[in-house]
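Read through the structures below before going on.
Two complexes, one shared chain (chain A), two partners (chain B, chain C).
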Partner chain A sequence: MLIDKMLRRIVPAISAATFIAIAAASTTAMAQEAQEQYFGIPSSRVGPYSAMGTGYYGGIIDYLNYVNMKGGVNGVKLTYDECETEYNAARTVECYQRLLNKGDQKMVVFDTLGTPGAYAVIGRMAQDHVVLAQYGYGRTDAADGRVWPWVFNAAGHYWGQIAVKMNYIAQKEGGVDKMKGKTIVHLHIDTAYGREPIPAMRQIAKEWDFKLIEIAVPPPGLEQQSQWLQIRREKADWVTFWGAGSGMNSTAITTAARVGFPREKMFYVTFGGAEEDMIPAGDAAKGTYVAANAAPGRDYPLIADILKVVYGAGKGNMQNPERVGTVYYNRGVGAAAMWIEALKNAQKIHNKVGKTVNGDEFRDGYEALDITDEKLKEIGILGMSAPFKMSCAKHDGSERFKMMQWDGKKFQILTDWVPAPDPAFIRKLIEDSAAKYAAENNITPRKCS
Partner chain B sequence: MLDFWFFLEVLVGGLLSGTMYALVALGFVLIYKASSVFNFAQGAMVFFAVLSFVGFMELGLPFWAALPVTVGLMILVGMGTERFVLRPLVNQSEDTLLMATIGLAFVIEGVAQLAWGVDVRRLDLGIRDEPINWVMDKTGMLVSQLDVTAAAVAGIMVAALALLFSHTKVGRGLRAVADDHAAALSIGIPLKHIWMLVWATAGVVALVAGMLWGARSGVQFALVWVALKALPVLIIGGFTSVPGVILAGLIVGAVEKLGEVFIGPFFGGGIEGWAPYMLAVLFLLIRPEGLFGEKIIRRV
Partner chain C sequence: MFYREAGQFRTSYAQDSQIFPLRQDRVGIIIMLIAAVMLPFVANSYWLSAILIPWLVLSLVALGQNILMGYAGQLSLGSAGFMAVGAFACYNLILRIDGIPFVVAVALSGVCAALVGIVFGLPSLRIRGLYLAVATLASQFFIVWALDKFGWFKNYDPAGVITAQPIVMFGHNFATPREKYWVVLAIVAVLALLAKNMARGSIGRGWMAVRDMDVAAEVMGFSLLRTKLQAFAISSFYCGVGGALFAFAYLQTVEPSAFGIDLSFRILFMVIIGGLGTIMGSFLGAGFILLMPIFLNIFFHTVFGKSVDATITSALEQVIFGVMIIMFLIFEPLGLARLWQLTKERLRLWPFKH
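And then the complex of A and B:
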């Protein structure tokens, strides 16, 4: 009887204790699960754009792993899934859908690394509550945050870039007044990306009174002789080159050499101006100018620390670690650094420090980015990325670029961050274009006080 | 007024480019002659061959050693294709073979990138892709050394292969195989040897084409796309004609360059991507077998 009584008391007590223990363990597990922030990565590691994709997304993944190895973002661990797009717009959409949800987690930011992919998904961002982080590419008028609340461009857009380049060319020629009567050829891949800077360029040509000639190269651009013969016939003073893929980019240089056009008069776009675009062209590439929104080098404290911490532990993402510190790699690190700063902001703004944030919160964090020199120094990328400040209306970065020149072996950085000569002029173009888009699509721009 | 010298320069440049296209098209013709199939994998073979060549050099082999090693590798690829892709498909329809080559292209592209990585490589053949000075001095035209070399190489290869196929037992066997696999087998033609030989030869042709294209544009995945340049060449020259690819290559090169420079501006430029295909469509309407192709007559 005594045993029976004891059992009657002990069994419920044990059951209750077991229940409480299981419940506590579940809560802990749920809490741990909640302390993860999921990122979807639409990488392009194979195919014609693999040099760009492996470098850029390799930099992003290395930085995410680096942050994790340092304890995460206020304790929140970063997780990611990759999906291969081969830099194809249709596959980018497919990857977007595949990456959007992972279990009970949802992607908060998407970075296509390319204008065609960005255009393919840009319309879905608002409805899915995902930030489109165009890091130096994409739809330019999305820099108007009143019309495009979910789209950002932290590393400068193409209209700003072309204005900076034209300014640098003008300096080389002895001033804006010396540009009158000059002939500038815009040689571009025959896609939306290649044509993206043209509206701004036409306006600048009108203002400065130089002759602008637009010549298209059909992709893949492995044969460009007819375009370069036209450039020679037109006696072009400068060529701004907007290519994609190292095949097209290096072929432009070798073909320029074939027709005797000086490489010191060629200005490459950020997405065509990396080591992988110059090296295949050999000595012919010497002298080519490039605008950079991420400066190459391994001496930046963050890059040096990634090498030590991540690669030292054998966890580096780059198949060839020699590419750590190249233009594409550093650009990827810079892009990921902005994700993490936005995440920190989001946690702080929404009182969720140490917790996962959702898309709306992440968007607020991205919009609150205020990347000063001090902040860049704290991250370890002062000099590698340009400082900038986002706002409700202004969703673009600093619009400053460093000018570099290929010396045959590596890039020599010629300038500090060069601003556009007349930022208000470019801003007006952006706002006009965004307003036109809003009117055509029945979008009511949000108010930004 | 049309500048005659500029016109001539564009024309010469186009003709020389055309020989580069012909080199790629040659590989297609070889396969088509043996198996009556358009080999979708030819672009991938170009990429794989030259990537392997550069890869062997990176492993420490000198140029003269890397070349035969890569030739050997391409022969192995040819033998492997015959053994594992074609032999199981003997007597199957041409459509089946076509699908098999599409699959083969994906496999070769994947294996190439898996084995050698995706880094872009530079290939220095010691031939400068810059204007020949004395041509420039005499005529004012800019003619690249690499273009002239490519033209010479294409000429030699076409002549050698044309002789091989028209004057040897292998060539006659090849024509029989192309007509009907089963009939060729029934009269004792060693089908598997013919296919192996042809695929291996196409592999070597791919290596040569890849080396010349790689020297100009770097060794990288985009070389897969040079196959796109070969398709109109094949349609115009005829899928079965070795000499036809040279003439068609010249026509395509000249048409696309002259078209791009003198007509392109009226269409906003960038027409050289599709102008050769327009020409090819015209040929398909007027002379479907191409300039030198065999007229196909089928009883129904």
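And then the complex of A and C:
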């Protein structure tokens, strides 16, 4: 009976104690939660574009972990959730909706790493208050921030890229006047992404008076024999190649080699020109030119430090640590670095240092990005990414690219950042296209300045 | 015990030929409809806009494919192409005709798809089976190519994509996921009911006669030309309406290549997994093919979290999904609808087997 009595007294005491403990634990958990910033990561790790997805999102996740291991952003810890899109527009929409809310936190930035995915969600950004951070891909005329307040492109868009390439080709040929009468083939995958540079390219062709031939390859582009025979027949001087997926990209090289088209006259797009695209083609890839918005290499202080801190602790996201420092990986790190810089800006602008920010505040932070050489040095990626400055109207990056050439084993970086020959010209194209979109969709462009 | 017809007598032809002869079925379907209509009050916007809307839309497309393949026996691979016709027709109708109500635009885009379907159905009069599948493959490639090639269809958008206009009817803009869901639900429910009745009636009997043996059907007096082209037209109509809804209620920004050959194949799998020649199967099959990968992805991310490499889990999801398809086909080659039917039959006897 004594035991019974004791039990009767103890049980409420214990339950009260546990209750208090749980309550205390949950309040501390809540207090910690208030200092977290949540990111949604729509990765694409399977399918034909997996090389791109694993490298890019691996870089992003590694950088988020790296920032956390260094103490977070002014004490704010970064959390993330992943979702598999399979590089498919419909799945990207599903992932976007799934990642949008997590607990009481809302996603502030979305990065689809792919033009099809970006197009599928681009209309949802303004109403959901989420930033679409296209990093070197996506809808080009979104660089006009008056029509597209929520869309950014920190790494340069495809119109800027094609202009830079044309500039470089003209240099190689000995000047713009030498371009007259030349034949340039734009060989592209038959999707919106492949056609994205065409409007700018047509204008340049008209201005410089060269012959532009557009040849489309139906996706997935693993068979290109007839297209390359046509290129031979047209006696093309240069080919600008706009492919997707390492299968299509390496097939282009091997087919070019088979029909005898020199690889030294092929210019690859940023999203087709990485180690994973060159290596499968073997020796045939030697000499291929690639434009880069994030230069490969492990010597940049940040990449070296990630290797030491994150991989040293066994927390790296890359299955194969050898891929750290490749083109796609470094691009992912560059993209994530811009998120974090934007987050820092947002905390500063809105007086929320050390606190979670919301979508509107993050957007202001992204728009305030002013990435100078000193800033890049501070992050540890000077030379890997190009310096740039955003503004209310200008939502694109520097529009400068590094030219690289594959030497059979790795990329040799040939130049420093090459600018477009006439940035005002590309800007005008963007503003015209954005104005047309705004008129069609009854959008009143916001006032800047 | 509860699911049996004891005591329910049919005393007239009308009662004998109703869709749901069992009272329990009628009650069940009414409860389901009410639940479907009330669902948005409990479901959040993720469920509505990322799961339910695409599921309903793809069920409708699978239904179209099922009419052609399951009922009329014409193996076709062009359903995504007809979806593209519907989506781009709807875009152009709303763009070029001022103030056209959304439902009218959707219906007309279904008609556009039906016309295209008739043209591409013509080879079915001469060739059968797998050869027909190859011939209809041409429609898939031709439609996507034509939409890519001619800027007019996309109103000369420089990137070659269309942005779906808001869904406007009766002066109201259906903008929230909830409202869009209701629009989709209403259209899908009406068309599914219509399909069920067509399949039960003389039209459906004609299709099935042609499917089972077209020479015999012709001898009995069915015009092959009419029956086959009718099946193609109605099937393409469903695909076209589905495509328009897919673009307007789900994706919103669409490029022609979103309606590629893989989508056609997925719709084909939906019909095969769901059950050929069943209405229910179209819904079940679409649910399986569309939602299973998503649930696997959510499952792996919540169970393993970040402890396992996401590249491995993503690959694993695909492997498991593939194995599940094979298992279903081995154990129930007649599809999920057959499983549903067997369950109902068992339920009639339950719990007294004799």
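Methods note: the second predicted complex is superposed on the first by the 420 of 449 C-alpha atoms of A that agree within 3 Å, B and C clash if a C-alpha of one lies under 4 Å from a C-alpha of the other, contacts with A are read in each partner's own complex, and residues count from 1 in each chain.
One rule holds in what follows: contacts are C-beta pairs under 8 Å (C-beta built on N, C-alpha and C of every residue); 3 or more make two chains touch, one makes a residue touch a chain.
Quantities reported herein were computed from a predicted structural model and do not represent experimental measurements.
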Combined model on chain A: chain C and chain B, fit or clash: clash
Which of chain B and chain C A:D190 touches, first, second, both or neither: both
Which of chain B and chain C A:R45 touches, first, second, both or neither: both
Which of chain B and chain C A:G123 touches, first, second, both or neither: second
First (chain B), second (chain C), both or neither touched by A:T254: first
Which of chain B and chain C A:T54 touches, first, second, both or neither: both
First, second, both or neither for A:A284, with chain B first and chain C second: first
Contacts of A:A438 with chain B and chain C, given as first, second, both or neither: neither
First, second, both or neither for A:P219, with chain B first and chain C second: both
Partner chain in contact with A:Q319 - chain B first, chain C second, else both or neither: both
Where chain C runs into chain B (options 93-101, 129-137 or 255-263): 129-137
Doubly contacted residues of chain A, that is, touched by chain B and again by chain C: 45-46, 50, 54, 190, 216, 218-219, 319
In the complex, chain C residues that touch chain A: 44-46, 49-51, 54, 141, 148, 155, 158-161, 163, 165, 250-253, 255, 257-258, 260, 293-294, 297-298, 301, 306, 309-312, 314-315, 317-318
Touching residues (chain side chain B, partner chain A) in the complex: 3, 6, 9-10, 13-14, 17, 20, 109-110, 113, 117-124, 129-131, 142, 144, 147, 213, 216-226, 228-229, 256-257, 260-261, 264, 268-274
Contact footprint of chain B on chain A as seen in their complex: 45-48, 50-51, 54, 190, 214-220, 222-223, 225-227, 229-230, 232-233, 245-248, 250-251, 254, 257-260, 276-277, 279-282, 284, 319-320, 323
Chain C contact footprint on chain A (complex, rising order): 43, 45-46, 50, 54, 81-84, 86, 89-91, 93-94, 96-98, 100-101, 116, 119-124, 139-141, 190-192, 195-196, 198-199, 216, 218-219, 317, 319, 433, 437, 440-441
